[in-house]
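Shared chain: chain A. Partners: chain B in the first complex, chain C in the second.
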Partner chain A sequence: MNQDATRYFYQPVLIFLGAVSLVLTAYVTWLTLNDLSLMKPQAQKFVGLDNYWRLLTDARGLGALWRTALFTIAVTTIEILLGLAIVLYLDREFKGRRLVRALLLVPIIMTPVVVGLTWRFMFDPSTGMVNYVLSLLGQDRPMDWLGNPAIALFAVMIADIWQWTPFVALLTLAALEALPTDPLDAARVDGAKEWQVTFYVLLPMLKRALLIVALIRAIDSVKAFDLFYIMTRGGPALSTETLNLYGYIAAFTNFDVSYAMTIALVLTVVTNIALLAVYGVMFPARNEARA
Partner chain B sequence: MDRRHFLTLTTALAATGVIGQPLTARAAQPYAGQRVSVLLEGHPTSDAIQKLLPEFKELTGIDVELEIIPEQDITAKMLLEFSSKSGRYDIVQNNIIYIKGFADAGYIVPLDDLLKANPDHYDKADFVPGYIDTAMSDGKLYGLPVYGESTFLMYRKDLFEQHGIAVPKSFDDIEAAAKTISEKTNKEIAGITMRGQQGIQGVYVWAAYLWGMGGSFLDEAGKSALGTPEAAKALEAFARVLRDYGPVGVANFGWEENRLLFQQGKAAMTLDATVNGAYNEDPAASTIVGKVGYVPVPMQADKPKGGSSSLAVHCMFVSADSQVKDAAAVFASWATAKAQQIKSVKSDPNSGVTSLGAMADEEFVKRYGAFKDAMLQAIGQGNPQYLPTVPQANEIINNTGIAVSKALAGTATAAEALKEADAANQAALSK
Partner chain C sequence: MKRALFWIGLLALLVLVLFPIYWVVATSLKTVKDAFAQPPVFLFEPTFANYAKVLQNSVFLRGFFNSLLVSITASVIAVAVGALAAYGLVQQNAGKRRAHEKFILGLRIAPALIFVVPTYYLAVRVGMLNSHALLIAVYAFVNIPFAISMMITFFEDIPHELRDAARVDGAKEFRIFWSVILPLARGGLVATLILCVLFTWNEFFIALVLSGRDTQTLPVTITSFLTFQGIEWGPLTAAATLIMLPMVVLGLLVQGNVVRGMTLGSVKG
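On to the complex of A and B.
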């Protein structure tokens, strides 16, 4: 038996946090088994698994789930690739390096509401900056960024990528600077070309950090709400409605609390399973070492 | 001082009326020291009320704790407090479409008795009849109107004259005029601009087409009526005129984008809220001051089920869980009284006054004379059922908004999109 005194510090916290999440999860699960509308609070009744069946057969809900998955995978991938490219470029001495690093922080610090409003103005088809720049490049027909259901989701993605790529870059840069330089030098001494050093030595060493950053970004993208709410409110023609936004609308537009909770719970469970699976694939060696 | 002395003294003082004085002063402030918590929408009227709060405190001794949040978030916020019976807010503000739902759920209380007991500021006859009459449910008064508005058609008089176009009297006229402008100006100026954003924005304006072309949200039996040919025709006309002659990006236009585009002179017509008139005629923000004509929304149906002019009235309600309902009623009646409304016209861009007296005031006429008559006419024929008022109203608007957005974006035909919305609305209604 381990009689380490530190457990008196962490155990109460763990028990408290565990109890809170357990109680909340149990309450939410109970709500999903009921039919409860905020407009008719007296008329709560038990309906079993009806809400889950409803979501399973709800074309709008399934479409929203698909868009959540698409958004998460696309922005996470692009942000990691772009962030990595920026880091590889920044990892050298040049004039204004500190300034560039400081500027990288700006999008991360901005509140998403401001980011959403800014991009909404930038994407304005008649007065926005984006179409103005495109017109200088010879694109005469103004692009309808947020009003065309075929491209609105991608317009929101651009805003998200702009905001969060610097986050990826900063974390990766920190990891990069903590790496020992000996293996890189050794590779160079052995006659490896610079791209070979990057691909065969540097990237494998950065892999863990990149995967962690990707995990954080993926979790955040699943939860993304502000940008969608400000920029498109799920429109046009539902083309930007994610499951998170649909849950919000179910709760606060339709006042259908139990269905909103069902959506939220399903999203949480699906995300957990997906991320645990990804995590398992990412770090198999570590799991074996522990076993 | 011992007890006997005290009694003698007070009796003597009472007899001479010395302490009678403070007693009457206190009677005029029966709720002094009470605290009223108020939740209002972000709107010029709320800003005006905020500026006048010190006067209210001096007059009544009541403390007011005022919170102002955006209109789109206010329903969710009050419902959370209502459903948990917190009594967090004594007064909340919202659209009349919620009155039935809130009253049925027991969230808000009738004001008749409260106002009878506290009549100082309340003058029913001074409210625009079309406003106060809609603030009722089952014959009881639930809300005091803070601001109201209707919708009208705004058109550029100069452009219409230049291209020889007559003032539109039907939706077909609107489309023809939009076509002419769009073609004659080589699409430099949009023929018409309207809100197209999915949700309440698009629905609020499309409803003018729906009613004006003989449709309705619900039939007489309270069932969804969006599956009708009239509704499909109305959505087709709305989507077509915006797709063919509207500005780029109209499918994501909310009130603000639409208003700005028109104010900048980039569109020849818009159909929107009467409050837009105040922005069009504001020299500091508008390039089209004095160039805009205002006419009622057209009607184009043999047997209309209701008027095509909206009637949006936003009222103060008293929460059922309030511990200070009397003080709350005093505040609501004071804040909506004629004297305060006249001050609000001077201090803020408020064209939506609900007091007849304030509307007749010189300042109001000076500022909003250009569209006052058209606005009053629109209010007069405003349709209290313009947006559904059943408890499921929000869900119906949301479903309908998706249909409007789909038709506008061209991802479904008007009839298909409305059929889906009709089924979803019917499901919501029969829950």
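On to the complex of A and C.
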């Protein structure tokens, strides 16, 4: 009987969260089926699936979707590979290990807007350090990193990779330390070489942790906004406009509310499907292993 | 030899990670002449002129005050509610709990855009766009799921026997929570609170949309200094340093919990 009292600790909160999400989802879905734009004089009117059809044939929207996918896949892959490399490199006893960990934490807790500013500063075509270092290496023509449509997206990727690779490394390192060492020792006793131990014993054991980090990074990169807003605002020539940014512009520059919500909803649904698919492929039929 | 190579590699890694930050901080301490010298100068006489300029800027000070007020208030609310809910959830049987926890984690997948836009129009209609209460409410709301997930991990570590013993003594559930469990989870409460403050302070997207002229938080304030015609990098880097420094200190205080916290879900747009 008393056991039930603990229900009242969480039920109101969860019911509230659930109700808000439900109402929001319903309202947003309703908006996407209407045409509500604050720039048009006529009142809201029901248009069915027109907004979805519009997105499907909107070159700008499709371009943004493509860039979002490219950005997400590229940064997630690179961050996982680099992070893993760092972990394997740091996985030994050395003086100052704790200090190195603390230092790796700094980019993660830095304000993302400040990260954007930092890299905008680094990439400055005339006074930036990136071009200076390249000039030392013999690259004489200064690159306009954020002003050249061909490379601006990669410049933003570099900033994202700089900020989040340490996160991948630290999380993987924590997972590594929680692993039992017996299988590694057993493999060594059996005469396996060190690289074989790493590839055939250690990496399979880390697979689950790596997948979780990859999922987290993928979700966050799909929604990436701060770096793009600060470094390029989608420019030059829309070359760095992601779906999230396009949705923001639709809502707050064009005041095209219904269309913005369509973009946001499609983004959410596509992300969910993609993540479920990835999850299903990586963990076939193993139901609900514990995190 | 191998040892030396290891240290060289480690040094290269740390330079890659830390140099951009160092360069921003160094620039904030330079005169205009030093800041744009080519080739760049590494040894220079530090000046605090840029900081003096930023600290005399009323817009920046206002932003600092707003950030402080909004992030602390919203975090306290989120942690209070989150701790209660987490305590309740930890007492449930495994199946029920998992379903609830999954729901809580699922809340983080939707982009902020999807709830920020309806909130924006609602706020415009009731005329709340320029009020701290709106920002505090929204941030508390987005922090609650995180606070629940985080507090669950701390409450789980507290042995069940304590609660059972207290119940045998006839204590009411809320009293057990308040006087037995909560004091034991004090460290977790502080860590969760600090992380909530950190996320809220750093958050940009929600603040960009939902803050008005008088409620701008720092990340929004600093972008208003950013114009496409020529940027004053000196004061800007000083402002950037002042924004990130408190968070770096807080983050290092709860070092072990940051990565765990971020896996449980942050407020990031």
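Note that in this section the second predicted complex is superposed on the first by the 266 of 291 C-alpha atoms of A that agree within 3 Å, B and C clash if a C-alpha of one lies under 4 Å from a C-alpha of the other, contacts with A are read in each partner's own complex, and residues count from 1 in each chain.
One rule holds in what follows: a residue touches a chain if its C-beta (ideal position, glycine included) is under 8 Å from a C-beta of that chain, and two chains touch if they have at least 3 such contacts.
Here the structure is a predicted model, which means the values were calculated and not measured.
Once both complexes are superposed on chain A, the partners chain B and chain C clash. Once the two complexes are laid over each other on the shared chain, residue contacts for A:Phe252 go to chain B and to chain C alike. When the shared chain is aligned, chain C comes close enough to touch A:Phe167, but chain B does not. In the superposition on chain A, no contact is made by A:Gly63 with either chain B or chain C. Of the two partner chains, neither chain B nor chain C is touched by A:Pro183.
In the superposed model, more residues of chain A are touched by C than by the other of chain B and chain C. Legend: residue contacts after superposition of the two complexes on their common chain; A:Leu267 is shown touching chain C, with no touch to chain B. In the superposition on chain A, A:Gly147 makes contact with chain B only, not with chain C.
Stretch 80-88 of chain B is the one among 80-88, 134-142, 170-178 or 314-322 that clashes with chain C after the shared chain A is superposed. Residues 251-252 of chain A contact both chain B in one complex and chain C in the other. Those residues of chain B whose C-beta lies close enough to touch chain A in the complex are 75-76, 79-80, 82-83, 101, 104-105, 196-199, 247-253, 257, 261, 266, 391-392, 394-395, 397-398, 401-402, 405-406, 408-409, 411-412, 428, 431. The residues of chain A lying in touch with chain B in their complex are 37-42, 124-126, 142, 144-149, 152, 232-239, 249, 251-256. Across the complex, chain C is touched by residues 2-3, 5-11, 13-14, 17-18, 20-21, 24, 27-28, 31, 86, 89-90, 92, 94, 100-114, 117-119, 121-122, 127, 129, 132, 162, 166-167, 170-171, 174, 212-213, 216, 219-220, 222-226, 229-230, 244, 247-248, 251-252, 257, 260-261, 263-265, 267-268, 271-272, 275 of chain A. On chain C, the positions that touch chain A within their shared complex are 6, 9-10, 13-14, 16-21, 23-24, 27, 35-36, 38-40, 81, 84-89, 91-92, 100, 103-104, 107-115, 117-118, 120-121, 141, 144-145, 148, 167, 172-174, 177, 198, 201-202, 204-205, 208-209, 218-219, 222-223, 226, 233, 236-237, 240, 243-244, 247-248, 250-252, 255, 258-260, 262-263, 268-269.
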